[in-house]
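Below are the structure tokens for one structure; questions will follow.
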Amino acid sequence: MEKETGRIEGFSDGVFAIAITLLVLDLHIPEENSITNGNDLLIFMKNQWPTFLAFILSFFSIFIMWVNHHKIFKQIYSRNSAIMFANGLILFLVSAVSYPTALLARYFNGEASSVVVAIYTGTFVLINLAFNLLWFLASRDKKLLRPGITDQAIKKIHNNYLYGLPVYIIALLFSFWIPSVSLIIILGLWIFWALSSGKIEMSTT
Amino acid sequence: MEKETGRIEGFSDGVFAIAITLLVLDLHIPEENSITNGNDLLIFMKNQWPTFLAFILSFFSIFIMWVNHHKIFKQIYSRNSAIMFANGLILFLVSAVSYPTALLARYFNGEASSVVVAIYTGTFVLINLAFNLLWFLASRDKKLLRPGITDQAIKKIHNNYLYGLPVYIIALLFSFWIPSVSLIIILGLWIFWALSSGKIEMSTT
Amino acid sequence: MEKETGRIEGFSDGVFAIAITLLVLDLHIPEENSITNGNDLLIFMKNQWPTFLAFILSFFSIFIMWVNHHKIFKQIYSRNSAIMFANGLILFLVSAVSYPTALLARYFNGEASSVVVAIYTGTFVLINLAFNLLWFLASRDKKLLRPGITDQAIKKIHNNYLYGLPVYIIALLFSFWIPSVSLIIILGLWIFWALSSGKIEMSTT
Amino acid sequence: MEKETGRIEGFSDGVFAIAITLLVLDLHIPEENSITNGNDLLIFMKNQWPTFLAFILSFFSIFIMWVNHHKIFKQIYSRNSAIMFANGLILFLVSAVSYPTALLARYFNGEASSVVVAIYTGTFVLINLAFNLLWFLASRDKKLLRPGITDQAIKKIHNNYLYGLPVYIIALLFSFWIPSVSLIIILGLWIFWALSSGKIEMSTT
């Protein structure tokens, strides 16, 4: 069976690539004349650390989402409307990530900290749900999948996403209590996925 | 016959992907120091609801246009200048969507409401006309199409776009009377297309 | 012989697609609170006509450049460093088009009119030269080209670009005298290319 | 063996293409009403020369990086997690280039000159290290590479990147002493690479 999803993957790659590259537009340089020497500039940049942290965190989060998207679509060979629109939902949320990132960058230091971290982690809860939806819709009809895929491989991908959900929800809950812990949890989850993704890949392909 | 339209589709996908992702740049975060706590931020975001509505409406409208573009070009195998420029017209209008979206976001609440909704729905009337033009130019010469395509399939695609036109024009007319009804009509049309696209796809391929 | 230029074309398509879509960012909506009703908005937009003109002119200019790029690379099968960098020069100039476009949009009405039209048309002179350079570098070694290409086809493409050069230079010279004539010349050249491109295509392929 | 890295290359091309095209957003046109005639505009643009220099320098630097990325991935046939993330690191740094470029453009003239040149050249030291890491990770397992690649070809690519490192570090050190020399060194390295890349290519393919 020929793979039908080439143009969906190409379009999705485009959206991921643009969303990840637009993040840099939130790194603002100091206003003209507000800086008189190199020291001023370094102090300005040091005070901007939440902006750099948000940039790095969001860049690698979208990158890992792209890796996961890549992995799921390696198993999907046909498409129907349901898959089309679950994928559209993922792309919508991914393209929107720069908004909570900009909020986090500007308001992580200060009284609105809990709210911006909750919006930020909440976005990832939604993205996780959208990935779960995509795989649920694709895997309930084996005719859409790569011929010869094993039930074990289907289940492994399913579990991979399902296990992420409670962790994101815990990160969301922490945002109301100790916001910085939320970000550490998300960072930890990404490192875990980065390290474990090699093994998962081997067993499903 | 080999498909000649690969690079046109690749370029078009690029324009669609960028146009859809640039929409997020119209979600503005509050000015520095205008927000002192999380409550202020939530009130700011609540007041910005037309911005979020316009973002969601335009994102999924471009997404559905891309799905339709995808579907039309699955049937087009050769290209000539006329197709090239009808496609260029579609891309021009799609890339311009962020302008009426930004107008809608800023002026939907207020006295300019009718004008911005008319510009917004008018853009979709034009895009619908451009799609009709593309399919008219492609389908009048069957040598340009997928070998073996049936007349019935050609007609089905033709009708699919033609039926959209009066609905968009009705939405445009409503903008001068009750602007919010226009947006509901457009939203309704998209949901209809999303739900019906599965069936159309099956019968034409 | 296998075509080696796939990834160059893909990358170039990306740059063209982004450059053409970023143009919309120069369409500015009115400042908040500067507009109180729909009439104000229409007057604001009417006064902005050079912005819309510049947007349309630049969009279709980049689009035609992409069509031409597409056509040249259909004939190029191998690549060397010289082709790589001539192509890089084209992409550099294409990505820069939004700057003279923004200048034209803001200063076409007023005393700086000649200067902005000269910069705008001068950019197209440079792009034309870069296209001539690319085809010169590719066509002097027939081993780089599509196997079986005729000398007549090579010459036709060569002439196609060479004839554009004096027209662009005339448009550049007019900018110092009657700037609006320059824009009409450029518009006329594009319409000519759009209409003639079908015939050229047929005879070279 | 089939090449598995197609979608990684496509996504990377997207990020390179967007990063290179977004650079133009840092070319600012003069504020409305700050210019009354063509002469004012030319003076404004003349004073902006560091902006144009930074734009050109960064455009061609990213372009050469893309050429190198292209060349490395022609040799990589399989992928693992380590390659995925080394590539992610390169893309992260490439997408960030517009930030040091904007700093260089605004503060090269003035007392913060050393600091902005150090940040700018420092970014290229990091990118060079990331390319070294990618090739180190890919080449230590010959099963990941193009079947039949010679040890000599592997070493040549390795040396190509390794030799760049000390030059970038020297440029970085000069930024604290005579910042303009740093930029000349980087420019010289790019011209050297542009001229030498033809030969390297021939011997490795």
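List of remarks:
Here the chain labels run A, B, C and D in written order, and each chain numbers its own residues starting at 1.
Throughout what follows, a residue touches a chain if its C-beta (ideal position, glycine included) is under 8 Å from a C-beta of that chain, and two chains touch if they have at least 3 such contacts.
Predicted, not measured: the structure shown is a model, and the values here were computed from it.
Homomeric contact subunit A/subunit B: same residue numbering on both sides for under half of the interface positions. When the CA atoms of subunit B are superposed on subunit C, the rotation angle comes to 90 degrees, reported as a multiple of 5. The geometric centre of subunit A is 26 Å away from that of subunit D, both derived from CA atoms. Contacts with at least two other chains are made by residues 10, 14, 17-18, 22, 25 of subunit A.
On subunit C, the positions that touch subunit B within their shared complex are 9-10, 13-14, 16-18, 20-25, 27, 29, 32, 35-38, 40-42, 55-56, 59-60, 63, 66-67, 70, 194-195, 197-198, 201. Considering their complex, residues 7, 10-11, 14-15, 17-19, 22, 25, 80-82, 84-85, 88, 91-92, 95-96, 98-99, 102-103, 106-107, 110-116 of subunit B touch subunit C.
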